[in-house]
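Each remark here refers to the structure printed beneath this line.
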Amino acid sequence: MLTNQMVQILVFVILTIMTLGGGLGVVSSRNLFHSALFLVLSLVGVVGYYALLDAGFLAVVQLLIYVGAIAVLILFAIMLSRGLMARRQHQRNEQWWIAALVVLLVFVVLLVVLGQVDWPVADEQALLSPNVSVGQLGQVLLGPYMIPFEVISVLLLAALVGAIILARET
Amino acid sequence: MLSEFAFVGVLIVFASLLPIAGLGFAWLVRPKKPNPIKKSTYECGLETIGGTWVQFRAQYYIFALMFVVFDVEAVFLLPWAVAYDQLPAYALIEAVIFIAILALALVYAWRKDALRWS
Amino acid sequence: MGIPLYWWLAVAAALFCLGLYGALSRKNAIGVLLGIELMLNAVNINLVVFWRYITPQALTGQIFAMFVIGIAAAEAAAGLAIIIAAYRQRDTVVVDELDMMHW
Amino acid sequence: MEATISWLTTLIPQLPVPTARLIVYVVYSAILAFAAPVVLVVAYTYMERKVLARLQDRIGPNRAGPLGILQGLADAVKMLTKEDITPAKADRIVFNLAPMLAVVAAVLVFAVLPVAPGVIGTDLKVGILYVVAIGGLGELAALMAGWSSNNKFALIGAFRTVAQLVSYEIPIVLAIITVVLASGSMQLGAIVAAQDVPFLFTLPVAFLIFFVASIAEIGRCPFDLLEAESEIVAGFHTEYSGMKFAMFFIGEYMHLFSAAGIATALFLGGWRGPGAGEASILGVLLGFVYFLAKTTLLVFVMMWVRGTLFRIRIDHLLDFGWKFLVPVALFLLVAVAFVLKVPVLNSPTFRWLGMLAANGVVILVSLALVVLAARHSRSAALRGVAGVDG
């Protein structure tokens, strides 16, 4: 008999294969276009994570912004820098093995440290009913987080202005 | 406690079975007689001259850029729209400032002719 | 939640390390950017996991994740524009060759 | 769905609820993923051919079966038995994945479509945003197809398709935010429930923006640049043949249906109508009939538009999106937000009238601005001519 927990773990394992497998593809693929597609796979895995964590709004936002917008932007940029695809050059720099060693070290340290911390996990009752709706998000966004809310639009305006100046053909 | 996305998960499985079944069945019944001319790249019967990677115009990138900016702004406006009835009147002013900055981005791109397809 | 908190943290750490490796080892500027996107996502997973497991009644984790996504979009837009501009100027996006900053 | 699950558990008492839920999910998924696409494509291609033929004073399909009703079947057999060619220079894996992704993305939208009272795959709290987000997968499929074909026409077609899709997604999202503002929810079930007066009548400008931009999103005439045979052959799927081409084709017709279905849910009151309700089987069936009728009406209008208008140029297309639809949608959003905060308009009737008034103001102001701009550019052009002459 399938219990809820088994289903959750099964979904978690599938999503982890997608996310980490995609991530591995991003860093190891020799073709940049494939790298970007692996990134999409990985990000879709993260969408699943958010859905599993009951953060429905974030899941959909991740799909919309990352998969729908940022991935398209990256693919466009790859296609625009034409010679990259044709030239079968080495994709790794000379120090890649130092990077690999350092990253491996960081990973082991992180795993050990994360295992030793006694996380203040909330009580059972609170865990069962995460109490966040989009409406509440809106109330907080326009209440305490009003300044960051406005700043985001200024930031995006700045990014747009800068990017248009940079990317325009002169 | 089952996520509201459970149905979407089931549907993804079935939705990917549809093309697999369709392509699989077609693979069984269709003829397979490839030859080099059939498999060449389509260009009105002529061979492609030069690589596929002709230089594309950065114009395409600008449209994708505008799209990303407006998409992110829309994501921040949606919680505002959902909560709007419960929000005090100054939420209107906050949102108007937000939308005005967004409109400024549009006006900038417009004035700089970044939106013109030449 | 049926999944231990440590699993989530381990997965996020693994994704972060993959991204870090990509950002450090790639020759190509777009490849570096892809690595950075992976790292940002790992951070976001952590934010959401901490919200879900430690403060499920507070909204801070989700709000922060939203801001991170917004900032990631701005970063990608500007970063890729720089890469395109550099490509047009120098006909390369190999990071080692883009050295116009130190003359 | 919940009603069906509880009905199933009362029918077979020893059935545990999770199992009943799984059975219902699987059956409904199978309907959405297999039956619906086949029925929709056959029905709508037949309808499209007949409608277009009538508009052009022809008869349309009339050989296969009575009134040519079996034409869709004949096409299906033809597609199945066509040789499937993968170009030698193509990137095989990506080339094969792209059409599958296109179909999966098209099916996934159906999950949140409220087709009848209580009949909806899952009434996500973020339903309408989910629909928009899934649309992004279609862009990805187009880019994958265009890139992996290793063909200039396909690549340029993919670029154009995606530029068009992203440009018209913004007006759609802004129109949706207006609806969310008026209904206070992103849940499609709740949006349908909020429409005692359909938003078509209270937010007509939002409907027009949504509808026009939807036509562009599904790439139909007059926005069918990606299939401009005289310029870029057949767009991003130039290299596709046989069943893989059929996948893109099926995806297109499913998008046609889901775009009309979402417009119905957002603006035409969804399944609502006299007698429709969740209480009885008859009410549910009646609701389904209303939904299908409204959706098919919108599909018919799209076909009518296709038969009447001519294809527009890409610069005009992008200008229309960014320089007309987006500013109008932003203006409308602000106007409706303003009206909803006016304290006098507290009763529902006044709310509706207020929104309608806001829409009227938006129409008048934007039309006035367009006329002024046209006059300005005309006189500028005239001055230019005079300058050359003088």
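Just so it is clear, A, B, C and D label the chains in written order, and each chain counts residues from 1 on its own.
What we mean here is this: a contact is a pair of C-beta atoms (placed from the backbone, for glycine too) under 8 Å apart; a residue touches a chain by one contact, two chains touch by 3 or more.
Note that this is a predicted model, so its numbers are computed, not measured.
Chemist: If you tally the C-beta contacts for A-D and for B-D, which one comes out higher?
Modeler: B-D
Chemist: Work out per-chain C-alpha centres and flag the one nearest the whole-protein C-alpha centre.
Modeler: Measuring from the global C-alpha mean, the nearest chain centre belongs to B.
Chemist: Report the inter-chain centroid distance for chain A and chain D in whole angstrom, where each centroid is the mean of the CA atoms.
Modeler: From the centre of chain A to the centre of chain D is 28 Å.
Chemist: What is the distance, in whole Å, between the centres of chain B and chain D, each centre taken as the mean of its C-alpha atoms?
Modeler: About 14 Å separates the centre of chain B from that of chain D.
Chemist: Counting in whole Å, what is the centre-to-centre distance of chain C and chain D, each centre being its mean C-alpha position?
Modeler: Computed value for the inter-centroid distance: 33 Å.
Chemist: How many angstrom lie between the CA centroids of chain A and chain B, rounded to a whole number?
Modeler: 17
Chemist: Hunt down the residues of chain D that sit against at least two other chains at once, touch-wise.
Modeler: 124-125, 129, 155, 159, 162, 166, 169, 184, 186
Chemist: What positions in chain A touch 2 or more of the other chains?
Modeler: Residue numbers touching two or more other chains: 4, 52, 54, 56-57, 61, 64-65, 68-70, 72-73, 76-77, 79-80, 83, 134-137, 141, 152, 156, 159-160, 163-164, 167, 169.
Chemist: Mind pulling the residue numbers of chain B that touch at least two other chains?
Modeler: 2, 4-5, 8, 54, 56, 58, 60-61, 64-69, 71-72, 75-76, 78, 81-82, 84, 95, 102, 109
Chemist: Can you tell me which positions in chain D touch chain B when the two form their complex?
Modeler: Those in contact with chain B are residues 1, 21-22, 25-26, 28-30, 32-34, 37, 79-89, 96, 99-100, 103-104, 107-108, 110-111, 121-125, 129, 149-153, 155-156, 159, 162-163, 166-167, 169-170, 173-174, 177-178, 180-181, 184-186, 233, 238-239, 242-244, 246-247, 314-315, 318-319, 322-323, 326-327, 330, 333-334, 337-338, 340-341.
Chemist: Under the touch definition given earlier, write down the residues of chain B that touch chain A in their complex.
Modeler: 1-5, 8-9, 51, 53-62, 64-69, 71-73, 75-76, 78-84, 86-87, 91, 94-95, 97-98, 101-102, 104-105, 108-109, 112, 114
Chemist: Considering only the defined contacts, which chain B positions touch chain C in the complex?
Modeler: Touching chain C: residues 58, 61, 65, 68-69, 71-72, 75-76 of chain B.
Chemist: What part of chain D is in contact with chain A in the complex they form?
Modeler: Touching chain A: residues 16, 18, 94, 124-126, 129-130, 132-137, 139-140, 143-144, 147, 155, 159, 162, 166, 169, 184, 186 of chain D.
Chemist: Mind pulling up the chain A residues that touch chain D in the complex?
Modeler: 1-2, 4, 33-34, 37, 40, 56-57, 60-61, 63-64, 67-69, 71-72, 75-76, 79, 133-135
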